[in-house]
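We just call them A, B and C in the order they show up, numbering each chain from 1.
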């Protein structure tokens, strides 16, 4: 016997068990369910597969290297500096050609500063004084340039002066040129060399066109017509970012250059191309003086014949360019394909759940369908029998007009497998269809 | 006929097919299922929707721009340098005001280094020598400052000396001040200007309070009471990061300033505010001398009247501040809302699967419910009939006390749709409920 | 009555409703379904849990701090510079020891440049001229070094010359040494100190071995045998990245050093170790002269006794190293565990859906199983009765050889709960099994 039973058990392992469905011939819910199914299918095909390329394995851990190189010279003729040429080594900070670079477009030069004592700038509130006791010796001037020596320096005849300070003297004059000194930086060009690599797919590419025509790469300029030329005119970048170069050159600012690589590696490598976009990163709208523009101070240090240090302080205004690279690559892979299809099918189950709710709670004949959907378990008839003694048949769900007590056995039978069979035949329900 | 059949087929497309359920009046499993349902609902509502805001489309590709500006002067009076003022151009490296900046708080200055020959520092093991042959000419000193010339230099009367090297001479003395030279950097302030933009939602904001009160922004300091003031005292930053400024100023270290933007764009833009947090990034606990602190060497190059280069070597200790910005924005969107609800409903299916397992395998009457749940297919009764000839009825699952052969037709009927109908009526099972 | 009905309703809340299944004794579909189930189980256990560690909560928002420090000196002897020693302060740019650093390996020095007029380099096409009118005064030389003064300078006897320009004179000579000047940089070492922190799990670690043996950290070099030594020889890094140091030293290039932290925090902290990998980031294959190598220009500014600025221009070739840190940590958490198991179970539903399709559409007896699976709703028999008047019974699905009109009541009964009961008994279908 044992062997036969085990064989039966083993065979039953390969019986396929499928959910039993009840066909509810309700066209409203039927149409609703088809609409839900179509929506899910449209979402799955349109959004997940076509738009999001759900059939692909993706690599977002882009390895990127950016090298930038500026070209251009500017000529200035000011009373302070005389005729002067500015080249790359003068105006690019830092010089390394990294992904973040600053082009100096305006500057306030304070030459020959030495460690000494002098009057603090009158524009600093904390430095104003009436008498020496206003200038506490050894105290640093708040937001100022040095440490107070304890004396109050006044111009001849005036009652109010500024504290004497120990500082790099003379202190910087707070006057910015009305016109950017290096406004011609608008015509400078920057060559942005961007190599990327998707390690998962071992795919490398550069933003430089693979061409034999080397002179093209030396003379081209990026534009709508030349989308794969990696040389950009600074003035164009600022304009595309929605700024005005001369105005930014005066105050300074920050421009973002986004390079987006969105590569479908199921296609040819030549289809994988960078997409550039430009945006102004510093919030121009905030027009409070404390938060507008971009500038910083740096100094060049010299030593005179006596070995004493002196320096030239430069307050540099200019445009900082941040090159930001991101991207992702996708390639067909069976695992995400199956997962996404399966998730879509699982969504169908949620759609069915929703339609079930409509069917058994919201529509007119929901009571009827509820009885049809839920086959009562073994105790059902017992409870109904018990309840039946207290309740009129109409109050028992799915038993409204049933001749409940007529054929006890066959009735209990029916109440189990399809309690609403008779309800089915009642005129009121046929009318309801 | 064809037309009618096609019409019937077409109409049947809109029949709604719903799963047939069996009501198992088992309170234990029923309660279990309700608990599972409530848990999933709580997870869906509480975690997915309220905590994770699953009804929102999110943008995590934050575009951020950070501009930093330090303010403060320090006064030092050392035997080496005399009275000296240090201002921003002196102690901030690099000067550009980027998101990573270093504030020099301590330094070892080696002035007037020239290309020459001199004795290597005695603290370098590889440079120690007893005789000239220990100093192989042209060999670089391991972890040293120059290239050996082949001579061993000894102090008068000592037997052990150091190799002579060609290097920037004199070489740096390995003695660090006991007290940070620029300890007063604790009172310096840094103004951190952070503009962000969420490109997907075209939403921009700054961390600077939009206020007419400009003097507030000039005088405020960030603290619990002033969470929207972007000016930070360095000493406070270090304290909030769990460090001690004077101790860090001596050895150097790295502090991270995280700015977190977590914006719910369904609310007013003014609700989208940065949250700052501070942490010490270099592992302070590792107290091996090789891995503690932060310092680097740089040089200022000069040229004397004869055109010979000389330099001042500076070993700078200090605190590097890394400003790191991240954030995400969310806005209501119908797609993630539906996806999340649907996923929650799909989870319900998993819950039902789990309860089914309990029902048909784990509880006392599982045999009975198994029969109820699985309606046997067409061959069932044939196999049972076959098996019945070999096995006593009790060994056939769901057939324990059934009068298997009495009314062949109605019995086979029952064995199909509800094989355990009679079992239902057996006293043993009624007792079991 | 109310109380009893409410109690019944309340009790029915805890009735467990389970889907009714039909056992289809079709071994093909049964085996298919078991295969699908096993595949999903294998995917769930093997991929989601073992490979992807789906039972863990993960933190990918790594906080990282990188400090780099180079060691090494190089000796050069050129006609231009004489005997010269290069140390860290000379060849590392920028000096701060950040995660991106550049080691100068070759250079073109143009000393004593002053603001003056001189002939433009003959290698710039735009500067070539036959007569003065070719050199428009005030116009900048395209890709050149200065602004034209309007004169055409010719060598004695030649008919073609170059424009005179106002620039930093003399201009740079376009000749690169054939051999890298600082080729011995191959033996320089870099100490990379990387501290990481996973904020979610409050877990910190360093890439420096926690050891008492301090001299080990001073003398070790990273290699396969010493995977936890953070000191790297530059030549090795380049070799591991697939490059040739001397060739890269000549032209310049960019090397990426990836540090990967992949920490399973369910294990001991000592199991969480960095994994290093090295790759060449600039695309070496692109052999157009415009896009190969890495170099930039910077200048050292001096001031002579008369207060006139002059500078030394340096075109630096070298290797830029980008240290990139990423990682993730995982720790057991009940929420992702449950979510992943549930998603796996939901996938089972999709598998069942797929098998259902096979069962009711693709196999030979699909018609039969369709009828078995879908129990017809109340109108079914009415429609069938109506259709029956026009169609022979065989055309009605699931009704092929049924004695449709014999016992109206019991027949309608059967057509509801299992319309194919009789079909079951027909020889044709038994043969089909």
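By our rule, a residue touches a chain if its C-beta (ideal position, glycine included) is under 8 Å from a C-beta of that chain, and two chains touch if they have at least 3 such contacts.
It should be emphasised that the depicted structure is a prediction, and the values quoted were computed from it without experimental measurement.
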Note to self: Suppose you list every residue number at the chain B-chain C interface; are over half of them used by both chains (same) or under half (different)?
What the structure shows: different
Next item on the list: Nearest 5 degrees is plenty: how much rotation brings the CA atoms of chain A onto those of chain B?
Entry: 120
Next item on the list: Determine the centre-to-centre distance between chain B and chain C, using the mean Cα coordinates as centres, and give it in whole Å.
Entry: 16
Notebook entry, point to check: Residues of chain C touching 2+ other chains?
Noted result: 15, 17, 19-26, 94, 302, 305, 346, 349, 369, 374-375, 377, 383, 417
Next item on the list: Would you mind writing out the residues of chain A in touch with chain B in their complex?
Entry: 1, 4-5, 8, 15, 17, 19-27, 29-34, 43, 47, 93-94, 100, 102, 115, 138, 140-141, 143-147, 166-168, 254, 256, 258, 279, 281-283, 285-286, 288-291, 294, 296-299, 301-303, 305, 307, 311, 313, 320, 322, 324, 326, 346-347, 349-356, 359, 369, 373-380, 382-383, 413, 416-417
Check: What residues of chain B sit close enough to touch chain A in their complex?
Finding: 11, 13-26, 61, 63-65, 67, 69, 71-75, 83-85, 87-90, 94-98, 112, 184, 187, 191, 193, 195, 197, 199, 204-206, 208, 210-211, 214, 217-218, 300, 302, 305, 335, 339, 341-343, 345-346, 348-349, 368, 372, 374-375, 377, 383, 387, 390-391, 395, 414, 417-418, 420-421, 423-424, 429-430, 433
